[in-house]
Structure formats: C-alpha cells, structure tokens
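Each of the next two complexes has chain A plus one more chain, namely chain B in the first and chain C in the second.
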Partner chain A sequence: MLCRDGTVTRMRAGQKLGLILLLTPLLLWLSLLIIIPHIDLFLLSLRERVGVRQYETGLGNYTTILTEPLYMVTFARTAMMSILATALTLLIAFPVSYYIAKMVRGRARSVLFLMCLIPFWVSELVRTFGWMILLRESGVISGLLQWAGLAAGPVELLYNDASIMVGLVYTSMLFMVVPLVTTLDSLDDAVIEAGYDLGGSGPSILREIVIPHAMPGIVSGSIVVFMLSLGNYLTPTMLGGKDSLWFTQMIYSQFIVRFNWELGAAFGFMLLILSSLIVWAVLRLTGQTLEKTMG
Partner chain B sequence: MIPTIPQNPLIRVAYGAYVALFFVYLALPLTVVAVFAFNDSQFPSLPWQGFTLNWFFGSERPMIGVFHERPILRAIGTSVIIGLAVSTLSVVVGTTNAFLFNRYQFRGRSLLYVLMLLPLVIPGIVLGISILVFSSTMANAAWDAAQIDIQALRPGLVLVILGQFSFVTTIATLVIAARLQKFDRTLEEAALNLGANHLTAVRTITLPYLAPAIIGAFVVSFLMSFENFNTTLMLVGSDSPLTIAMFDRLKLGSTPLLNAVSLLLMLGSSLLALVLIAFQRKG
Partner chain C sequence: MTASTLPDLECDGLTKRFGASVAVDDVSFSVPAGSFFSILGPSGCGKTTIMRMIAGFLEPTGGDIRIKGRSVLDVPPNKRPVNMVFQHLALFPMMNIADNIGYGLRRKGLGKPEIARKVDEVLDRIGLPGIGARKVDELSGGQKQRVAIARCMVLEPDVLLLDEPLGALDLKLREHMKVELKALQAAFDTTFVYITHDQSEALVMSDRIAVMNAGRFEQMGTARDLYYRPQTAFVAGFVGDANRWQGRVVRAEGEALEIKTDGGLILRGVSPGRSLAIGDRAEVFVRPEAIRLAENAAQLAHFDTQISGHVATILFNGAASRVIVADASGAEIEVTLPQSGEFAHLSRGMPVHVGWSGEQGNCFAAMGR
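Right after this comes the complex of A and B.
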C-alpha cells in the first residue's frame, strides 16, 4: 500500500516537474516579449512631456491625437481603406477558392492551389516592387497603353489610393484563399446536390448552404487580411502618393524621425485598440471564437 | 454550382476565364520583376535595351552585379543569421508549447492558449515598438542602477531576433501542435510497457513522428523571418537584413540590381518550398 502510494506521488511529482518545465518557456516568451512590453508601451503613452526631461502622467498624448484633425483623418482613412481592402480581397478570392475546392479534381487541384501560394514565398518588398514596375509612369502598363494607342503620353498610375488598394489586395490574397479553400473543401458535394434536388437555385444555394458553411474560413481570412492591411507600412509607403498617409507611417515618424516616443506610443496603442475592437466585433457578430478561427 | 450538376456552358466558360485572369494577376508583378533583371539599362523599366547578365555577374560601374555588391551580400548574410536564430528558437519553444497544450490539463490553460494566439492579431509594427520601448526601459534602468550599458538591449541584431521570434513562435506552435494532435498515444504507452522511461519514449517514438512538422515549422519560420519587414523596421540597428537594405535602396530609386536580388530570392524560396514538399511527402 505504502509503496504504491509512493509511486503515485512520484508520478505526480514527475508530471508536475514536466508541467513546470514546459510552462517556463511559454511564460517567459509571453510575459517578456508580449505582455510586459505592451504594458510598458501603454505607460509610456500616458507620459506627457512638459519640459526638458520633465514628465507628467496623463492623457495628454491621446487628447493631442483626438484634437488634431490630421491624425484623426489618417486614423479613420486607414481603418476604412483596410476594411475596403478586406472586402475586395474576399470578393476576388471567394470564386477562385470555390473553383479550386469544388470545380477541379485531383492533380489539377493541387497544382492550382500551389500556384496560389507561390507568389507569397517571396517577400512583400519584391511584390510591391513588381507593382511599381508595372504601374509607374515609365512602367509596363503605361508603355502598353501607349503602344496600343490608348494613351498619347506616359500615364502615371502609381502614387494614389487605387494603387495602394491594388497592392494591399495582392499582398493579402493568400491569407484569404487558404482558409476559404480549406473550409469549402470540407463541404460535401452531396449537400449541394440535395439543395438542387429540393428546388434551390444557384444564388439561393450559395446564400443558404455554401456561405454559412464557409463562415469560419471567411471570418479567419477576413481577420488576418484586415490586420495585415491595417498594420502595413511598406505598401502605402511605396505605392501611395504624398498625401495618402497611413497610420503606421505616423508611428514610424514619431519613433524614428521625430523621436517623440510618448506620442508614438499613443499612436501604437490606438492602432492596437482599433484592430482588437474590429477583430472582437467580427468574432461576436459571427459567433466565432479566436481559438476556433486561428487555432 | 458543382461539376455533377449541368450548368449553362457560357457561365462555365466565364467562370474559367475569371480564374485564369486571377492567376495572370498573381503572376504579373513577379514576372516583370524577373524579366527586368536581364534588361541592359540603368532602370528596371521600358524600353527594353537588350539582354544582359551584368546585373548578376557584372563587376564594373555602372553595372555592378549582385555577386560583386558587398553591401547586398552582407545583408543576405545578416538575414540568414537572423533567420537561423529565429527558427531555432521558435521551433524549440513551439515544440514545448505543443506538448504543454496537448498533454496537460491545468488551471488557466485556455487563457494561456488565447494569449499564445495573440501575437497573430497584434500589428507587426506595434509588436516592434513595444519591444523597442521595453528594452530601452530595461537598458536605461541598468544604466541608472549600475552604469552598465547593455548593448543587446539597443536596436540591433538581438532585438530583431527577439522581435521576430515573438510572433513566429505562434506559427511554429500551431504547425507542430497540429501533428501532435494526430499522434496515437498508445504507441508511447507501448514503449513505456516495454520498459522505457517517459523521456526515452518521447525521444524515440514521439519526436521522430513529429519530425516532418518540426522541419516544416523550421522552414516556415525561416521564411517568415527572412521576409519580415514591419517588426524588423522598428528594431533594426546598423546591420540591416536584406529586406531593410533593399527598402533603403528602393527609396533612393531602383536599378535592375534589385530585380536580380529579387529573382535570386524567388529561386531560393522556391527551392525551400520544394524541399518542404518533399519532406511532407515522406512524413
């Protein structure tokens, strides 16, 4: 009896040791690189500079942002354009994902799926560079238009909001296609056939069978695409014009150019809050959880 | 609309055309980047001046090729070092995380799981500045307390590695946990029955089973690190990795040298992708 009790406690002790050993790296990672830095960022954003090396705690940085129209306009513009980019990506990606998941079979299918992934094995910088070569005044599309006689002189297609949108949609396409193909793939053809047998038409089947089934994929794809657009720095900087400001550019300029870390921290925190709010709202509206859509 | 249900052929053709157009759109930017790497001109743009390999092998001004351009070669080296460090760290922590969430039930488990996913929904630039702020708080504290200047906490290689590691780990964890979930635990129990202790059972049975996922996670982590821009931008010191070095050049104006570098990057990543697929097949 005693002996058995002894082994049980030893087992428990061993298990406990294992648990502690496995918990340590996780806790170190999360606390030192995620949680504490964000608390520190928040504290810094509450620090107001009142003089040289003199600081006060308060919401001054946030009131500066809220009362300065340029900051608020940029903030709202970044949010709206990211939402638009997400919607466009979903609209473009959905038919393609459906085609890959349901219309083709076997080898052709894996080839098409792989072809969707290939552009994203190279860095965003290269992709953006490609769009610059295509769209700029001396670029390929401008050249083609002149050659075809559709334009009299060089056409500048770069440095405006539309070119930012092209870049954003392109850059985030993969993160929409993959979850969509995965969820659509799990939809049994028989269910769609049953829909037709019961007198459904193409649009009604799409609305009542396909889209509800694909919802987890739509949600996780949209969240990731929205996050990537909101936090993008490269695409708006390289493809956007002089006055198409993006919120991340303001964070960068406060931190690196102006060296006003307090205000930059407040910008960063606002971006974090905006993105968390929208992610939370989307999850709430669609009845999904973060564990289900991401894990 | 599925193949087994008869459908208006016109719609079917239009649908196929749309998908074809989509793939043209995907391929277009990369194709022009690749093609202009061979343009015998100072600018990666039309008109086409003829074919040249000088942007790869040229050694004289004004056409210094990639293989003779020291700063670019150094930046590639920096990126490789960062990438190897980040993927090693991420895979190790990813493996321990996967075992933790797969094998143990404890209080706060679901909270920790959500926290583990969090880095995926934090914008990269915010992750960058928060680590920048925290590390400089620590560095300043160390200076105030003991007049020690800890270089590792100032923008540079170490911070870039930590910054990338902070979110790449989540991906590594998910990749490895997905395979561990499919593992048949009775195999481990059999090893225990045959006299192995826990550690030996995990080492000889479970880890070999996980190998394809671990290698996959390593390659994916390496690529994510190599390509990362946002987090790196905020933490970079004097040693720029390749993406930052290319960005700095691109801001000043581009030469086909950048196309040549990009083409090499494409070839490199495709090679890695093929290796990865080959490994997944075997596993």
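Right after this comes the complex of A and C.
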C-alpha cells in the first residue's frame, strides 16, 4: 500500500510538472507582452505633466481626450467605421462560406478555401500596395475608365473613407470565412432538407435554421474582424486621406511624433475599453457567451 | 375511378441515372391509401434514391410520380403533400420541441393559437404531452423518433416517407419502435412508405413489401408471399435465412425436381412458375426452420429428402438456436434447433438425420454459369 501511495504521489508530481511546463510559454506571453505593459501603460496614463520632468497623478489625460472634439470625433469615427467594416465583411463572407461549406464537394472545396487563403501569403504591406496600384490616379481602374470613355481625365479613387473600407474588408475576409465555414460545415445537410420538406422556403430556412446554427461562428468571426479593424494601423494610413483619421494613428503620433507618452497611453486605454464594451454588447445582444463562440 | 379508390402514391416507370450508372431502373408501383408500404433492399440498391425522388430532392431521369392521381414532378419539395422522416431524424437543434413541430405550420401561415393547439394535440397523440418546451438533446432516442414523426404528421401529408429511421437505435428500442410505428400508422391512418435494409422491420410492419436489388424491384407482395413464395433467387436469399446449394437438375416431373448438388447431395425441390429442364444449372434454397432434425432415420420416413450426418456445431441463441449438420461428404446444413427439450442433450459429433419435404426446396435457375 505504502509503495503504491508513493507511486501515486510521484505521478501527481509528474503531472504537475507537465502542466507547469505546458503553461510556461502562455504565462510568459501573457505577463511579458500583455499584463506588464498594460499595467505600465495604465500607470503612465494616470501621470499628468505639470512642468518639465514634473508629474502628478490624476485623470487629466482622460479629461483632455473627453473634452477635445477632434479626439472624440476620431474615436467615434473609428468605432463606427470598424462596425461597418465588420458588417460588410460578414455580408460578403457569409455567401462565400455557405458556398464553400455546403454547395461544393471534395477537391473544388479545398481549392476554393485555398484561394481565400492565398492573399495572406503576401505581407499586408504588399497587399495594401496592390490596392494603391489599382486605385491611384494613374492606376489600373482609372486607366480603364479613361480607355472606356467613362471618365474624361484621371480619377483619384484613393485617400477617402471608401478606400479604407475596401482595404479593411479585404484584410478581414479570411478571419470571417474560417469560423463561418467551420460552423456551417457542422450543419447536417438533412436538417436543411428537412426544412424544405416541411414547407420552408429559402429565406425562411436561412433565417430560422442556417443563421441560428451559424451564430457562434458569426459572432466569433465578427469579434475578430472588429478587433482587427479597430486596431489596424497600416490600411487607414496608406489608403486613407487627410480627413480619414484613424484612432491608432493618433496613438502613434502621441507616442512617436509628439513624444507625449502619457496621453498616448490614455488613448490606448480608451481603445481597450471601447473594444471590450462593444464586444460585450454584441455578445449580450446575440445571447452568445464567449465560451460558446470561442470553444 | 373514384377519388376514394385512387392510390395515394403511384410511381410509373421511375428511372434515375447518375452519369452512366443506373440507380433506379424502370420501377413501377402503387401504394393504396392508408397502407404501410416498405422497400427492402441491401445498401446501394437505389431505395434511398427512390425516396428522394418522391420527396422532390432528386429529379427522375424518366417516369412519373403521382400523388392522389396528380403528377408532382413539377412541384418543388416544399410544396409536395409528402413529408419525410430522415435517417438521423434531422430535428432542428436550434429550436425546442414545440417549435420543431410547429415549423411546418408556421410556414403555412397559421395563427399562433392554432399552431399551439395543433402542436399540443399531436404531442398527445404520440404519447408525449407537455414536452413542448424541452430541447431536442434532452430527449431519448425513442422520443426523438416520435417527435420527428409528429413534426411531419401535424402537416397531414398524403404520404409519409421514412428513411431507415430506426437504424440509429439500439436493438431493444428498435424492437419496441417497430410495434409503435405500426400503431402510429394505424392511429394517423396515413400512407407510410418505409425504406430499410433490415428485413425484420419490413416483415413486421408492412402491409406490402417490395424487395429491391440493383435498381429494380425483384418482387412485390405481402410479408408471407416474400417469405414462403420467393420468386427470384435474390429474394429467397435476402428475406429470411436459407441453406443454399448449387447443382444440376437430374429429374423433372412438372414442377417437382430432383437436383444433384455439386457436393453430391440429392435434393428434391419445386420451382412453381419457373421452367427448369433436365441438365439445367439450378440453385436450391431451404430454410433452416423447414428442416426436421431426428436421431433415427425412421422418424423422417415421410420426407422425400433425407440426409444423414453428424453435428458439426451448435449455435446457441435462445429461441433462434441452430445446429450445423455435416454430411458424409462434409457439406454443411443449417437446421433450426427445436426448443421443446428433446434435443437438449445434443452435442458435437453426435450422429443425426435431417429431412424435409420437396415443397420446402425452392429451386431457381442459376445465374451466369
């Protein structure tokens, strides 16, 4: 008995060690890259500069943001544009995913899935340059329009909100398609057929059967796309014009251009609060839980 | 023909080709109103294809499908007066039971109170009152089964199609559901078309059965017809168990034949309605329960086929126990072991005699060779 107890204890100890070893990379990642920087940022955001190298603790940075219209407008605009980008991505990705998951079989299916993936083999910078080549004044689309006689002179399609939107949707596509294909794939074809058999029409089956089933995928895809859009720096900077300010650009300029780390840190925290709030609201509205959508 | 005698479902020369292969080959049948019709066949014989064509999910290559005398070929599946119970039931997991059953009624545009009343009514009829608010995965296999049938029956279809719905259940429950399905069919008084590969499901429940093989109907008739009077070698082999020998006809007197098997046994048999001449290759089927077992040959004197041998194996399985008897040449014959006690002492190697009357040996012309 004694001997056996000893073995059990040793096994338990072994399991514990294994668990610690497995968790180490995750804990290192979380503490070094997420928790420690955020604590530091938070403390930084609470520091007010009152003079040269003189600081006081207070909420001054936050009141600056809330009282300065430019900051608040950019803040709200970024949120609205990200929500719109998420909605557009969902609208475009849903039929694509449905087609991949339910309509095609075998080889054609993997080929289609791969075609969604291929753009992501190229760096985001190069992809965004691709859009610039297409959309700029001397670009492909402008040239085509002139050649077809639809435009008298060169057309500038870059540097506006629409071009940002195009870039954001394009960048986010894959992150919506993957969870949607996965959830739609798990819907038994017979369930859809049963819907038809019992008198359902296409739209009613979509509304009552397909969308409720795909809800976890829709929500998790939307959360990822929304976060990516909100925190995107490259696309708004390259495709957006002077009026298309994005919140990340303001964080960048506070840290790097203005060297005002305190205000930049407060901006960063505002963004974190905003994204958490919106994700929470979406989860509440759709009746989903984080476990269900991410599990 | 008056409306009341019109069959609920008629298929006429129904054919379906997938590329070069023929899944359903010129199948015709009609199902009278209120009856239980089964299509029995091995997997891949085309029975599911027939069902999907009737439901409207597949378009026939040729032929016609009529429901209550009206062709439904141009009617989409959601408008056909036919509903289907799917193999894995396909209940909607995102809805509760009441919403599942009410789905078709909502699509018909009925008012909420009327839907609620009809759902309650049908839940009562399937013996599960008050489960409307439950979720699909809270039900047992048998309850799901009944809900799937209720979901169709609430729409009062002309024909209910059932695609091997008992396949996923365990043996005990399957036995129970067979009886229950038959009772439900009688209670709803609706035409059921049932497809299965399980002969016992078909035999127990059906008024009429069609045995299907390789895209064609081999034989159509009542369970008794198929069992006692198979018309083809396939039906004789597929429905029920049978000993099967190949041989050559050595004597023919009308329908009565004498056949010498390749193993050297001399067997008597009959071939009602089929012509077999001396010298023809033939197959003989004899059911294990048609063979008498005896300890001395005198008890079998009245049988025209008698074989002596010894017990090779005893397969004990309660009421369905069998003995495998090997004759002098080593050929094996499966015989049902009577459970009356007189063979309780039987053991391996004991000499025994078996015999059967010529009418029990069904003879068919052998295919191919």
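Annotations for the structure displayed:
Just so it is clear, the second predicted complex is superposed on the first by the 279 of 295 C-alpha atoms of A that agree within 3 Å, B and C clash if a C-alpha of one lies under 4 Å from a C-alpha of the other, contacts with A are read in each partner's own complex, and residues count from 1 in each chain.
The working rule: a contact is a pair of C-beta atoms (placed from the backbone, for glycine too) under 8 Å apart; a residue touches a chain by one contact, two chains touch by 3 or more.
Just so it is clear, the model here is predicted, and its values are computed rather than measured.
The superposed arrangement places chain B and chain C next to each other on chain A without a clash. Within the superposed three-chain model, A:A151 lies out of touch with both chain B and chain C [touch as defined at top]. Our angle of interest has its tip at the CA centre of chain A and reaches the CA centres of chain B and chain C; in the overlay it is 90°, to the nearest 10.
When both complexes are overlaid on chain A, the residue A:E193 reaches chain B and chain C alike. Of the two partner chains placed by the overlay, only chain B lies in contact with A:P25; chain C stays clear of it. By the touch criterion stated above, A:L84 is placed in contact with neither chain B nor chain C. Looking at the shared chain after the overlay, A:L290 reaches chain B, while chain C stays out of its contact range. Look at A:G264: by the touch rule set out above, it reaches chain B but stays clear of chain C.
Looking at the superposed arrangement, the partner reaching more residues of chain A, out of chain B and chain C, is B. When the two complexes are overlaid on their common chain A, residue A:E208 makes contact with chain C while staying clear of chain B.
After superposing the two complexes on chain A, the closest approach between C-alpha atoms of chain B and chain C comes to 5 Å. Within chain A, the residues touched by chain B in the first complex and by chain C in the second are 193, 196. Of all the residues in chain C, the ones that touch chain A in their complex are 55-57, 76-79, 82-84, 86-88, 90-95, 103-104, 107-108, 151-152, 155. By the touch criterion given at the top, residues 14-15, 18-19, 21-23, 25-26, 29-30, 33-38, 40-41, 44, 92, 95-96, 98-99, 102-103, 105, 112, 115-119, 121-127, 129-134, 136, 138-140, 143, 170, 173, 189, 192-193, 196, 202, 223-224, 227, 230-234, 238, 248, 251-252, 255-256, 261, 264-265, 268-269, 271-272, 275-276, 279, 290-291, 294-295 of chain A touch chain B in their complex.
Residues 188, 190-191, 193-201, 204, 208-209, 212-213 of chain A touch chain C in their complex.
The touching residues of chain B, counted against chain A in their complex, run 1-5, 15, 18-19, 22-23, 25-33, 36, 43-47, 92-93, 96-97, 99-100, 103-104, 106, 110, 112-127, 129-134, 137, 162-163, 165-166, 169, 174, 198, 223, 226-227, 229-230, 233-234, 243, 246-247, 250, 254, 258-259, 262, 265-266, 269-270, 272-273.
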